[in-house]
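Both complexes shown next keep subunit A, but they swap its partner, so subunit B is in the first and subunit C is in the second.
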Partner chain A sequence: MLNKTSLMTYAVLTILAFVYLLPFWSVLTTALKSDMEVRMTIPIVPPSNPTMMPLLKAFELMKQGLVNSLLFTSFATLFSSLIGSVNGFILSKVKFKYSNVVFLALSVGIFIPYHAVIIPLITVTSKAGVYNSILGMTIVHTTYGIPICTLFFKNFFDELPESILNAARIDGASDFTIYRRIALPLSWPAFIITGVFQFTSIWNDFLFGVVLTKGSNQPASVVLANLLGTTAAEWNVQMAGTFIYALPVVAVYLLLGKYLIRGYLTGAIKG
Partner chain B sequence: MVNVCIKDLCKKFGKTEAVKDFNLEIKSGEFFVLLGPSGSGKSTVLNCIAGVIKPTKGEIWIGDKLVVSAEKGVFIPPQERNLGMVFQDFALYPHMSVFDNITFPLKVRKFPENEVRMRAEQIAEILGIKHLLNRKPGQLSGGEKQRVGLARALIRNPPLLLMDEPLSNLDAKLRVMMRVELKRIQREFKTTVVYVTHDQVEALSMGDRIGIMSAGTLQQVGEPIEIYEKPINTFVAGFIGSPPMNMFNCTLTDLERGVLKCDFGEYILPKSVAEVIFMKAVKELILGVRPEHVKIVSKHMPGALEAKFIYVEKLGRELIAHLKIGESKITSIISPEVHSSLKETVWILFDENKIHVFDKSSGQTIV
Partner chain C sequence: MEALLNEIIFLPIIHKVPPGRNMSSYGSIPLTIILMVSLVTAFFFIYGLIGWNVLLSFTKSMGLITSYELAGSIQYMKAGSDPVFQISLKNNLMLIMLFIPGSIGLGLLLAVLLDIAGSKGETLYRTIYLLPFSLSFVITASMWAWMYNYSYGVVNTLLTALLGRAFQINWLGDPNIALYSVILALIWQFSGYTALVFLAGIKSIPESQINAARIDGASAFQLYTKIVIPQLKPWILSAFVVLMVFALKAFDFIYVLTNGGPGVSTYVLALLMFRRAFFETDFPYGAALATILFTMVISVVVPYLLLSSRGREK
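Moving on, here comes the complex of A and B:
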């Protein structure tokens, strides 16, 4: 039976959940309304006559942006996680002279605000010939993600018992073999955490997208923002766009959520 | 089988000296035990032999191969040292099956598939883990994990096997079983073993020879019986033996007759002992006597000291009596039959041939 305190707790949590979900609900209801109904009703009222038109229209407008975003987000997530994993392994387990200094210098990268590097970034990407391209976005986001990915993986590998590595060394494995056959397969929880984190932050990025790309190379986040300015405010189309834009991140969470929590909790490797 | 020779080994971690001036020759085919309390540097020595730690000074030879020398700048990595190692925490690869774990050393070295399979089955048979080959380490008990660890270390049939507290994570009953098992395996594989432990029972029961370490230095090397009967200093005397040796601070008051003034009263040394001490002319001494050499009698006898029972530990086959003599405490091992015949106040006698006398200032043995 529920006692009084837990009943109160549930009540408060339910109200809070309701408050948090309200905007999302409004997005959904508005996205399913016709132009007329949007103007006549308030957002939280469900549509009387649901229509798919706004969703289809928004998708049509954002198609290219979504493909762009999906491409560079996936690749940048993959590359930054892989590089972070190798870095983390070397900084945690192989070590070399001044490896602590290298790690410290790398960690500083986490705290550099996006805005501080915009102008140099434009110069560098133009000179490298990757300005306004998916490749450019992939490279920039991979690079920007390396410090945080390295940190995640270093923390993870710090928990890996030294004796396992020593055992492997005595068994005849080189550092590369140890990484590939032992560290890499054992680090899947770290890959999930880093992967979800990177996917979300790269997908949600607006600033790099808006300054480094133009026209058909723009990411979904920028295209979404541009939906606003065109003609009169089509709230239903915009909300539909917002809904579509949020889907991949939600999907990633639903798919990997249970591993994510397990990954957060298990610092150590379970035998 | 191969011998190991360690010369002037030193290892510093920052400012702390984990091992200093360590010299040791481990004979070919020997079961050598490095014994010492935690933090005495015994694992550091083992890790230097394995090659997972680089010594600060000194050199190590495995057979006729110089594997490391700080002075000559030689360092052969663990991958090329041709040895096996068993770890306290087993150090199995958690994502691999038992089969993959034990064959890892062969697969890394690119042995042909059929030989890998054959050797795995052979070693699994010897260690009784054939039925576990498809399991993951997470599904094994402590004892099973240790067998897998052992199988992995032995699969290449290395001439040198290092073991770092391999039995510490097992429960008491299993430990006794594995002690016998490890000796059998060592004989079967004819390999030189260097075994690190803090458990003196393991050391005494398994070791062909024992090296006792304290604070980074090797105190004494010898056969178990030699170390037990002739401890070189107070540390070894106190560390080996359970319950530990009784030790008393004494002052020599009468050189000629060998009269000691101890915390508990006067004690007259046997003539042979007194003569040696007379020669050395040391006055401040420590008198040591093992609990099994403390005899309890019910009546006063010449030379006997009066004592009172404080507490008796009943261990079944024997009893450990804790007694008080004067202001000091003393332990004695007695049989249950003797105990039942005694009253609260008793007299104790030391076995004169079995007493130890140490120089108090240096801790070194005199007799």
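Moving on, here comes the complex of A and C:
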């Protein structure tokens, strides 16, 4: 039953929701308007004569960038999750001397500003022959993903009761067997949490892309940022590009949001 | 499995360790190899490259990227005499003073409202408020470039329509206003995140405490200000650290939205580092600025990590 307090609460929440959604709405309306209509109408008014032209034009401009982003994002998400799963298992369930210190030292890696490594990273990737390549982007994102992925899996395995593993231990199973037969199959929720977190973070990245790639190897984030710099007058194309680049993350957010929220609550950091 | 999922939420960062036994006697070679190789690689990319960057900051360039000569602290002296460095530091400080309290304040308000609304409305509204946080800074910067557009942007045209008279502020073009426009948009992007953290904090308060206060005749206002919010301290600290680290290393959003302009009015440290290193190819100076940035971030993060790892041992 709604009393006065909750009615007012809902009113405020609804007004705020409109404010929060306003930028999204204006992206959508503008992306569907012709150049002429962008200039003639205000952005919050829906298009009177919706056109697909801006979306097609933006897609054409961003095609290569989207393919690049999709490739290194998928591979780096997969690799960093798998590595994190093994590391998290060992640091939680096997342990060794100083494993807590190792874990703490690794955790610092979650927070470091990538500006502090980006200049040497150019030299490292160049020397390794992977500068300006999808492979290079995959390696860099996988490596810098290891700390957060290890953290996600360590948390998960910390909560897994020892008793589940003990029966296997008594039977003399090796840690590898226990990992493969018991821990790995049980850890699917951790894989989803880590996977959606990594996919969205890597897809959203800008710094590595803008420094470590050029021309046709640039990720979608950099292509879109360049678009804003060069076609500022064509707001409909710019907003169409914004819409297209945001789409995969919005889809993940709407479908798997509750897993993404678990990742955010782990105290992880953006940027 | 849902129960397991719920259990792995934890905040602050590291809160407990199970009694786990030392199992190294059962050590398995494939797992050890993966662990060793990945740790060596990660530590090289993290600590090795940070060390390399620090070294670079004590050199001067010989014109080529690969040849440097030790030159003491001249790059740090350069920062001291670079007027844009001071502006950048001041702007980072402005982010700390306005963006952090703004995001925490609005986040608290949203969390309390969501809590009052209860389970029905909570999911839908929380999903809406958190949406901006899930997106790339390139996306949100692009959106706000259009929102703030002088002639056609939503902010000016909507305010004009609402007020019934011409209302035009040059949100991104006026050097006295641009930084505030940036901060406002960032609060929009982060407040859903702080609300999410605080809401999780509110949910962790035992029901019995709330009921006891209700029985004692506490009003809703008293309930939140006297009982709920004081207990959110660890959650506020955790959000504070996240926001602080962001306020120090903010880059992509500002790079895309204003690129430091108009003039140099919205420069921040990370943007200055990027410009000096990659536009003016002054790598040693860029490395010095990156080292300063790193030192600032680490002096926030390490105490927090130590604090929360000590907390879990108690």
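Throughout what follows, the second predicted complex is superposed on the first by the 254 of 271 C-alpha atoms of A that agree within 3 Å, B and C clash if a C-alpha of one lies under 4 Å from a C-alpha of the other, contacts with A are read in each partner's own complex, and residues count from 1 in each chain.
Throughout what follows, contacts are C-beta pairs under 8 Å (C-beta built on N, C-alpha and C of every residue); 3 or more make two chains touch, one makes a residue touch a chain.
From a predicted model like this one, the values you see are computed outputs, not experimental measurements.
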Which superposed partner A:185 touches (first subunit B, second subunit C, both, neither): first
Contacts of A:215 with subunit B and subunit C, given as first, second, both or neither: neither
Contacts of A:89 with subunit B and subunit C, given as first, second, both or neither: second
Larger contact residue set on subunit A - subunit B or subunit C: C
First, second, both or neither for A:107, with subunit B first and subunit C second: second
Touched partner set for A:147, first subunit B, second subunit C, both or neither: second
Partner chain(s) touched by A:174 [first = subunit B, second = subunit C, both, neither]: both
Partner chain in contact with A:129 - subunit B first, subunit C second, else both or neither: neither
Subunit A residues contacted in one complex by subunit B, in the other by subunit C: 169, 174, 177, 269-271
Residue numbers on subunit C that touch subunit A, as the complex places them: 1, 4-5, 7-14, 16-24, 26-32, 34-35, 38-39, 41-43, 45-47, 49-50, 52-53, 56, 65-66, 110, 113-114, 116-118, 121, 125, 127-147, 149, 152-154, 157-158, 161, 188, 192-193, 196-197, 200, 220, 238, 241-242, 245-246, 248-252, 255-256, 270, 273-274, 277-278, 283, 286-287, 289-291, 293-294, 297-298, 301-302, 305, 309
Residues of subunit A defined as touching subunit B within the complex: 161, 163-164, 166-174, 177, 181-182, 185-186, 269-271
Residue numbers on subunit B that touch subunit A, as the complex places them: 47, 50-52, 77-79, 81, 83-85, 87-95, 104-105, 108-109, 137-138, 145, 152
Interfacial residue positions of subunit A with respect to subunit C in the complex: 5-6, 9-10, 12-13, 16-17, 20-24, 26-27, 30, 38-39, 42-44, 83, 86-87, 89-90, 92-96, 100, 102-109, 111-113, 115-124, 140, 143-144, 146-147, 151, 155-156, 158-160, 162, 169, 174-177, 179, 188-190, 193, 200, 203-207, 211, 221, 224-225, 228, 235, 238-239, 241-242, 245-246, 249-250, 252-254, 257, 260-262, 264-267, 269-271
